[in-house]
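Okay, handing you the structure first.
In this document, chain identifiers A, B, C, D, E and F correspond to the written order of the chains, with residue numbering beginning at 1 in each.
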Amino acid sequence: MSIADFQPLHSGSVPRFAGPSTFMRLPMATPEQVDIALIGVPFDSGTTNRPGARHGPREIRNQSSLVRRVHHVTGVSPFDQVRAGDCGDVVVNPLDLLGALDTISSFFAGVHRAGARPLVVGGDHLITLPVLRGITSEPVGLIHFDAHSDTYDEFFGNRYNHGTPFRRAVEEGLLDPKRMVQIGIRGAISDAENYDFARAAGIRIIFIEEFVERGIDAVMAEARSIVGGARTYVSFDIDALDPSFAPGTGTPEIGGFTTREAQAMVRALAGLNIIGADLVEVSPPFDPSGVTAMTGATLLFELLCVMAGSNAG
Amino acid sequence: MSIADFQPLHSGSVPRFAGPSTFMRLPMATPEQVDIALIGVPFDSGTTNRPGARHGPREIRNQSSLVRRVHHVTGVSPFDQVRAGDCGDVVVNPLDLLGALDTISSFFAGVHRAGARPLVVGGDHLITLPVLRGITSEPVGLIHFDAHSDTYDEFFGNRYNHGTPFRRAVEEGLLDPKRMVQIGIRGAISDAENYDFARAAGIRIIFIEEFVERGIDAVMAEARSIVGGARTYVSFDIDALDPSFAPGTGTPEIGGFTTREAQAMVRALAGLNIIGADLVEVSPPFDPSGVTAMTGATLLFELLCVMAGSNAG
Amino acid sequence: MSIADFQPLHSGSVPRFAGPSTFMRLPMATPEQVDIALIGVPFDSGTTNRPGARHGPREIRNQSSLVRRVHHVTGVSPFDQVRAGDCGDVVVNPLDLLGALDTISSFFAGVHRAGARPLVVGGDHLITLPVLRGITSEPVGLIHFDAHSDTYDEFFGNRYNHGTPFRRAVEEGLLDPKRMVQIGIRGAISDAENYDFARAAGIRIIFIEEFVERGIDAVMAEARSIVGGARTYVSFDIDALDPSFAPGTGTPEIGGFTTREAQAMVRALAGLNIIGADLVEVSPPFDPSGVTAMTGATLLFELLCVMAGSNAG
Amino acid sequence: MSIADFQPLHSGSVPRFAGPSTFMRLPMATPEQVDIALIGVPFDSGTTNRPGARHGPREIRNQSSLVRRVHHVTGVSPFDQVRAGDCGDVVVNPLDLLGALDTISSFFAGVHRAGARPLVVGGDHLITLPVLRGITSEPVGLIHFDAHSDTYDEFFGNRYNHGTPFRRAVEEGLLDPKRMVQIGIRGAISDAENYDFARAAGIRIIFIEEFVERGIDAVMAEARSIVGGARTYVSFDIDALDPSFAPGTGTPEIGGFTTREAQAMVRALAGLNIIGADLVEVSPPFDPSGVTAMTGATLLFELLCVMAGSNAG
Amino acid sequence: MSIADFQPLHSGSVPRFAGPSTFMRLPMATPEQVDIALIGVPFDSGTTNRPGARHGPREIRNQSSLVRRVHHVTGVSPFDQVRAGDCGDVVVNPLDLLGALDTISSFFAGVHRAGARPLVVGGDHLITLPVLRGITSEPVGLIHFDAHSDTYDEFFGNRYNHGTPFRRAVEEGLLDPKRMVQIGIRGAISDAENYDFARAAGIRIIFIEEFVERGIDAVMAEARSIVGGARTYVSFDIDALDPSFAPGTGTPEIGGFTTREAQAMVRALAGLNIIGADLVEVSPPFDPSGVTAMTGATLLFELLCVMAGSNAG
Amino acid sequence: MSIADFQPLHSGSVPRFAGPSTFMRLPMATPEQVDIALIGVPFDSGTTNRPGARHGPREIRNQSSLVRRVHHVTGVSPFDQVRAGDCGDVVVNPLDLLGALDTISSFFAGVHRAGARPLVVGGDHLITLPVLRGITSEPVGLIHFDAHSDTYDEFFGNRYNHGTPFRRAVEEGLLDPKRMVQIGIRGAISDAENYDFARAAGIRIIFIEEFVERGIDAVMAEARSIVGGARTYVSFDIDALDPSFAPGTGTPEIGGFTTREAQAMVRALAGLNIIGADLVEVSPPFDPSGVTAMTGATLLFELLCVMAGSNAG
C-alpha cells in the first residue's frame, strides 16, 4: 500500500465531528503496512497517585480530529513523506503490573520486527520501559521532556511504577545514561537524594530554571549534542507542560513549559536519528474540557512531523 | 459473514477503555453485511436553540463501551440473534440544510436496499425525516418518545428544522397519522394552537401527566394497539427523559421520564414490526459528565434488543 | 399599558439565545405597570454554609429563555391573563446583613403599594423575611416547600440567617403559624429540639416520609385546608427537590422531591389567595450545567401560572 | 473516653466549611476507643474499567461535613448511643494487588480485636473481601446493594478484582451463600452464565425489575428473613443508585435506585445483627459536582444509625 | 442624550452580580443615541466543526460585569470620551445561512447610517463579512488577530462559512488586501495551498513564530504602517489567544497569544482610523468556567478604549 | 517536640491520596509547638462580588498533598530547618463581619504570643487586616502581590471589605506606607482616583506593565530595598496570577503573572525579615479542576521555604 492509502480524512470534505475516531483521522493499519505506527497503550497501573491515564489513547484519538494535514511552518505534510497509520491499542491487563509489561514489550517487539517506528500514546510513564524493551536490545539515547526525573528506585517498596522507568531502563541497558537529557524538571521532591542516581550515572538534568535562563536554542543545541547522531528515543510527559496548558494529568507541577516552548523544542529535534517516541500521562478524568488531550494530539503531530522530517524550517 | 463475525469485544478480555471506539464495541461493517445497521448522523443544523447534537454519534460510540452483550432480564444476547455492525456516519454537510437532508435520505435508501434495518444515532430530531424518506415510500406507524411533539409548521419562517419533522413526514406520506403515538409530551409551548395539526391529523398525544396517571402498562398497551402489526418506526428523543437523567440535550424539559420507565417502555415494544429506530438529541457539549451519552448508549442497546427480539421477559 | 405590552419574546421569531436576558423574556417594567412583578433579590449574606445564591437571579433570567408562553396542560398562557414584567433586582448590600433586610423590605413595600403581587427570585432563604415585612402587616398563611424547616433560633449566635426566617416571621406577626405548612422536610439535624418551636407554635410539618406514604393529592388537600381562602404566601426552596434534580444549591439533602412531584404540588395551589411567592436558594457556582437554574425558571413559570390562574386542569 | 468525647462538631457553632475534614466531623480515634470505627480504604487497583475510587475516602470525608447529628425521622442521634470515631485510612499499596489485600485484612483483624465494628469507606468493591477476612473466620450473612452481582470468576485471567469479591468470599468460607441477598442487580452482562455460580450456591438475586414490581417492604422483609438474626455484613455499592443520583462511579448502570429507596432500605435493616458495613465505589474524578460523595456520606450516616439503632421509626 | 446618560453601573454602588446584564453594564440604547454601538450577533451557522458561538453575546454580557470604568494604564475612562451603549442583538435566523447574512448586513447598514461605529460581539467569524457589507462600500484596511487566515475558498462545497470571510470580503471589494495584516496565524492546515490566495492578493500574514521572534513592538509597528491612516477595521478572533487563556472556542490551536500580548497589541492600535471592530468565536458551551467570555469582555473593553482613545500610554 | 515530629507524610510510603488531609500532610499542632504555624481563615464575608473563598483552606489542604518535602532548586527541605504544623482553622462567624474581624485578630494575637510566625490561608483579602492587628502593634513593611491595590475607601458605604484592607491597615498604623510595595496591579477600575490614597501615602505601586518592561530581577530588587531589613509581612492574592493559572478566584483579571514569575518573585524574598505571610482569594466553587488550589498550595510551600530559608539558590 502506498502513501496515498494513508491520508487523513480531509476536514473540508468529511466534517471533523464525523467519521471514525482514529489518531489524526488516519486509517487503521498493521505495523507491516506503515513506516510510523501510532499505537495506544491504555495502561496506568504504574501510577502512584491519581490514575486515569489508561483513558488517554481514546481521548487523544477523539481530540486529534482537530489536527489537520500540513505543518504551517514548512508547508509540508508528514503524510506525503511517510506512511503513518493507527495501529490500535495494546490489549493490556490493568490487574497484572508485571504481566502487562511483558504484553507491551512483546507488542513493540513485533512492531520493531515489522520495520515500523512507533509513535506511542500512553498511558502512564511506566510504559516507556516496555516500549524500549521491545524496540532495542542495546543502549540508546533519550531526550526526555518532563517535570519529573522518574529515576526513583521504588515507591511503597515497588520497583516498577511511573516514577522509576528511566532508572530501570538504564539498569537494563536499554538507555545510555551518557546520552540522556531530561528537560523541564521541577517541583518539590521527596528526597534530596532523588537526583543522585541520575547524576552518578551521567544523566544530564536541565531544571526549568536553567531552561528559563538559557533559552530554547541553547538548551536544545546541548540536547542534540548529548544524543548525537546515534539511535535516540524521545519521551514527552505531558506534565512537562505547565498545568495551565495541560491540567489533565496525574501529577501536575506549576511553573512548566508553555506550548510554544514545547513546539519549538520538538521542532528542534529535526534530523536526529529517532527510533521511536511517546507522549504519556494525559489523564482524561482530570481533563474535563479536553484541552490536555487536544494539546497532546497536537504535540503528537509535531512528533510525527519530526520523525517524518516535515516541521523543520 | 456469520453472527460470529459480529460479536462485540468482550469486556473480560479486552478492557473497555481499550480498542477501537465503535457502537457497542462492534466491528465496522457495511449495510450489506448485517441485519441491523448502527449508523451515526452527526447533524444538528436543524436546531433552533442550543446546537451540539452533531457530536452525539462520537460520544455515544465512546460511552457505549460501558454496554455489554447479554440482556440481564432475558439472559439473551442480541448478538446471538442478529448480525449487527457499526456502519459509520453519514458524511453530511453542516452548512447546507436542504442538501444535507438529501444526503441522509440517499444514504438510508442504500441501507434499505441492502436489506438492513437501521438503528440511527443523531444528530438533532430533523434527521428522522430523511431517514424515513430513505427507508419507506408509504406511510408507516410511529412510536415516538419525546418531550416535544415536533409538529410545528415552521420556526423563523423555516419549514425544515428539529421542531417540524413529524408534520413534514405526515405531509409527505411517510407516516400514517392514525398510526402515530407521541409519549411524554410536556413543557410550555409557544402557541396553544401547537397541537392542532397533530390532533386534526389523528395523532395520539400522551402527555406526561396522562402517562403518570395511567402507568406504563396501560400506555404501552394503547401504543401497541395504535401501531398494530404493520410496519412501524420508533423514534426516541433523549429529552423525553427528565434532565436529571439526560442533562446533555438542547431543549431539556423538567418532569420527564426516568430511565427505568424508558427501559420498561422500550421493552414493551417487543414483537412489533419495527423497520428502523433512532435515538436523537444527545448533545455532548451540554453533557460534561458523559452521563447522557452513556444513557443514550444503553437505550440504544435496549432498542437493538427489541429489534432483535432479546429483551422481552 | 395593556397585556399586549407584556408578552415574552416569541421563540419562533427571536431565537432563544438572542435578545435581552430577562425573566421569561418579558419586558422590563415598573411594579406600577404590572399585575405580577418578577423581582430578583441577589443576596446570600444569610448563608451559613456554601454561598452563591446571590448569583441566582442572573442565571435564572438566563435559563428562563428556555421557558415558553403557554401551559401545556391547560393550553392557557398566563401572559394572556395578567400583566407580568421583569422589575429588575433589588440593589442590596452584601456587606451589611441587617441593612440589606431593610432595603429589601422597603423595596417590596413599594411593590405592594403599587398594587403588584411579587414573584421573587432569591437569593438565600433569609430574603423571605423582608419580603413578608414589605407586603403584609398582619399574619398570613404559608405554604412552604423545603428540605429544612428554617425555624432555628440562631446560628453562631446570629438570629438573622437562612436557617431562621420563618421563626422570625412568626415572632414578628407576619405569618400565622396555625396557617403554615412545611412540605418535604428531611435530613439530619443539629438538634432533636429543632422542631419544638414549630410544633409548639402549631406549624404543620410534613416530612418527606409522610409525603411518600400519603401521596401528592392527600398532602396538598391538607395543605390547602390549612391555609384556607385567606391571604397566603408561597415559598419554594429549590433544595426541596432532590439533588439529582437541583444540585446547584448550598445545602442539598438527598431523598427529595422529583420535579414531577413539584410541578403537581404547585399546580394544586390553584385558586388559593396568593399574595406573593418566592423561589430561593439556586446557587449557580454549584450548578455548572445550569440545570438547577433551568429547573428554577420552570417552577417560576408554574408559580406564575398559579398566580395568574393558568395551570389548573 | 465517653460518648461525650465523640461528638461531631456542631454546625451551629463551627461552620461546616471550617475545621478538620473527618468523617461526619468526628474526632480522630483509635479502634480501641470506639464502638464503631469509620475507616477509609483508598484502594482501587481491583478496578477493571474506570479507576478513581481510591480518592473516595477523602472526598466523602469532605462532603460529610454536610451531614448533621440527629436522624430526622426518629429524633435520635447515633452519637448519643455509640462511640463513633474516624480511625483514618488503611495505608495500602496501589501497586501490589495481593499485598494490598493482606494489608487490609490485617488492619481489620486489628479493628476486630479491638472490639469495634467497622464502617468502611472504599475504594473499589474488591476491598470487601479483605475486610471480611479481617473480621470473621466463619461464614456470615450478607445484604448487598449493587447494580452488579460481583460474582464473576475472573477478568483478564485475574481472580481478584472488583467483579469477583463475593465469589471469592463464598469460596473462602467468609460468606454463607444461603444467607446472602443481592438487591438492585441490573445491566447488560458479558455472559448469560454470569449468574450461574450465584444461583448454584444459593445466593438470592433480586433484580431491579423484581424490586420495582414487589416494592421496598416486601423485598426488605425477604432480605431480613434470608439473613435472620445471625451475624451479618452489609455492603453498599454506590452504583446500586441510578447514575442521576450517583454519577461519580466507575461502572454506572441506568435504571437504578433512587436515594429515597436506598434510605428506606437501609432503615429497614434495623435490628439485624450487623458486624460491619461498607460503602464503596464512589469515584471522585467522575464526580465533579461532589454530589456522589455527598450522597455516599449521607448513606454512611444512615448505615451508622442502623448500626447504632437510631433510624428505625 | 449626553455622556452622563451612558455610564456603566458603578461596582461600588450596585453589586456586580445585581442589575441587568448588558455589555459592560451600560444602558440599552439605539445606534442613533451613541457614538459606539455594542452589538451582539448570535450566529454560528457558518461553523465547520464545533458550534456554540451563537451563545457568545449573552455570556460576554454576563461576564462583562467584571469589567469596570477606567483604564488602569491611562487613568482615562472611555465612557468619559464617547457615548457607548448596548444596542442589543441582531435577530438572526440560525436556519438560513444566506438569509442571515442579509439580515446582518442590513442591520449594520442602519448602524452606519445612524452615525455610530459598531463594536461587534460574535458569533462565528463569518459575521465579519456582513458587518463589512453593512458599514463600507469601498475597500478598507484590516488588522486581524487570529490563529487562522480564514481565506479558504470553500468547505464541503460551501463558499460562505467561518473559514472564508476574508476571501469573500476581498473579492467583494470590502477589504483592500494590500492594507490587510493577519497576526498570530498557526496550526496544521488542510492544504499547503491554503495561503496562496492571501499571498497572491498581497495580504501580509504574520505567523506566530515570526511574532515570537520579532516581538510586539516591531510587529505592531509594521501592522500600523500597513493600514496607515485610512479607514480600518479590526477583527479579533478569540482563538488567536492560546487555549490556556481561551479554551471556550470552536477551533483552538495551541501556541497562541497570551492575554498580556493581546492587550499590548490592541493598545498599539491607538490613533488608527478605526471604523468598527469585532470580537468573535467565544463559544460558551466549551467554556464551562466562563473564563473565555470574561477574557473576551476584557478585550472588548480594550477595543472600546482604543476606539475612544483611552488606553494609549 | 522536635523537628522530627513535624515531618510531612512521605509520598513513597503513604500514598498521597491516603491519610489525613492537612496542610502539606503535616501533623496537627498548636502554635506553641511550632516555629511556623499554618492556619486557615475560612472567611469571605468581605467579598464584594463572587463569594466562595471561605472554602479555600479546605481545598488547599486537599490539594497540598501533591506537594512534597524538598525544594528542587536548593535540595533543602524547610521541614529540616523549622518546625511547621497545621494549626487548624480560625472558627469565624460568616454572619458577623465586624465580630469576625475581632475573632481573627484575637486568634493571631495568640499565635504571636506563642512565638510562632503565621502562614495564613484565606479566605478573602479582608483577613489580612485582622491578621496584622493580631501580630503587630506598630507599622511593618509589606510586599503585596495582587491584581488590585485593595486601598479603596469603601464599597456600598462599607469600610471593611476585601477592597479596603490595606487602606485600613495604614490608617490603623499596622503598615508603614513608605515600606509598602504592590506588584502586579492591573485591570479596569471604578475611579481614576482609586490610586490617589496609595500615592499620597507613599505606597509604591508596580503595575503589571512596568513589571513586564523591567523584569523580575529589577522589580524584586526594588521591592527588597523598599522594605529593607525591618519587620515585613507578605501578602499574596492568588488573583495576582493570570486567570489561566488561577481561574478559581472571585475577581480575576487577565494579563497577570505566570506561575514561573510568581515562584521567582517569592524566592527573591529570601533573607527578608518576614513576620508572617498569607495566600488569599482561592475560591473553590470557581475552581472545578482544583488547579487554583493546587497552585495556591505550591506557592504556600514556596512561602514556607522563604520563611524557613530553604529556597534561595
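Following the convention adopted for this analysis, a contact is a pair of C-beta atoms (placed from the backbone, for glycine too) under 8 Å apart; a residue touches a chain by one contact, two chains touch by 3 or more.
Given the structure is predicted, the values throughout are model-derived calculations rather than measurements.
Participant: Name, by label, each chain that touches both members of the pair subunit A and subunit E.
Facilitator: Touches both subunit A and subunit E: B, F.
Participant: Measuring between Cα centroids, which chain is at the maximum distance from subunit E?
Facilitator: Using the mean of the C-alpha atoms as each chain's centre, the farthest one from subunit E is D.
Participant: Roughly how many whole angstrom separate the Cα centroids of subunit B and subunit D?
Facilitator: That gives a centre separation of 37 Å.
Participant: Would you mind pulling out the distance in Å between where the CA atoms of subunit A average out and where those of subunit C do?
Facilitator: Distance between chain centres: 55 Å.
Participant: Taking each chain's centre as its mean C-alpha position, how far apart are subunit A and subunit D in Å?
Facilitator: Going by mean C-alpha positions, subunit A sits 40 Å from subunit D.
Participant: Using the touch rule from the top of the page, what residues of subunit F touch 2 or more other chains?
Facilitator: 13, 15, 17, 48, 50, 54-55, 93-94, 155-156, 242, 244, 286, 288
Participant: Considering only which chains touch which, label the overall pattern as line, ring, star, complete or other.
Facilitator: Looks like something else, not a line, ring, star or complete graph.
Participant: Mind listing each pair of touching chains for me?
Facilitator: In this structure, the chains touch in these pairs: A-B, A-D, A-E, A-F, B-C, B-D, B-E, C-D, C-E, C-F, D-F, E-F.
Participant: Considering only the defined contacts, which subunit B positions touch subunit D in the complex?
Facilitator: On the subunit B side, the touching residues are 10-13, 15-17, 66-73, 75-77, 242, 244-245, 258-260, 263, 288-289, 291, 294-295, 298-299, 301, 313.
Participant: What part of subunit D is in contact with subunit A in the complex they form?
Facilitator: Residue list for subunit D touching subunit A: 44-48, 50-52, 54-55, 93-97, 155-158, 160-161, 285-286, 288.
Participant: Inside the complex, what are the residues of subunit A that reach subunit B?
Facilitator: Result: residues 13-15, 17-22, 28, 40, 42, 54-55, 57-58, 61-62, 88-94, 288 of subunit A touch subunit B.
Participant: Spell out the residues on subunit F that touch subunit E in their complex, using ranges where they run on.
Facilitator: Its residues touching subunit E are 48-50, 152, 154-156, 185-192, 194, 207-209, 212, 242-244, 247, 251-255, 286, 288.
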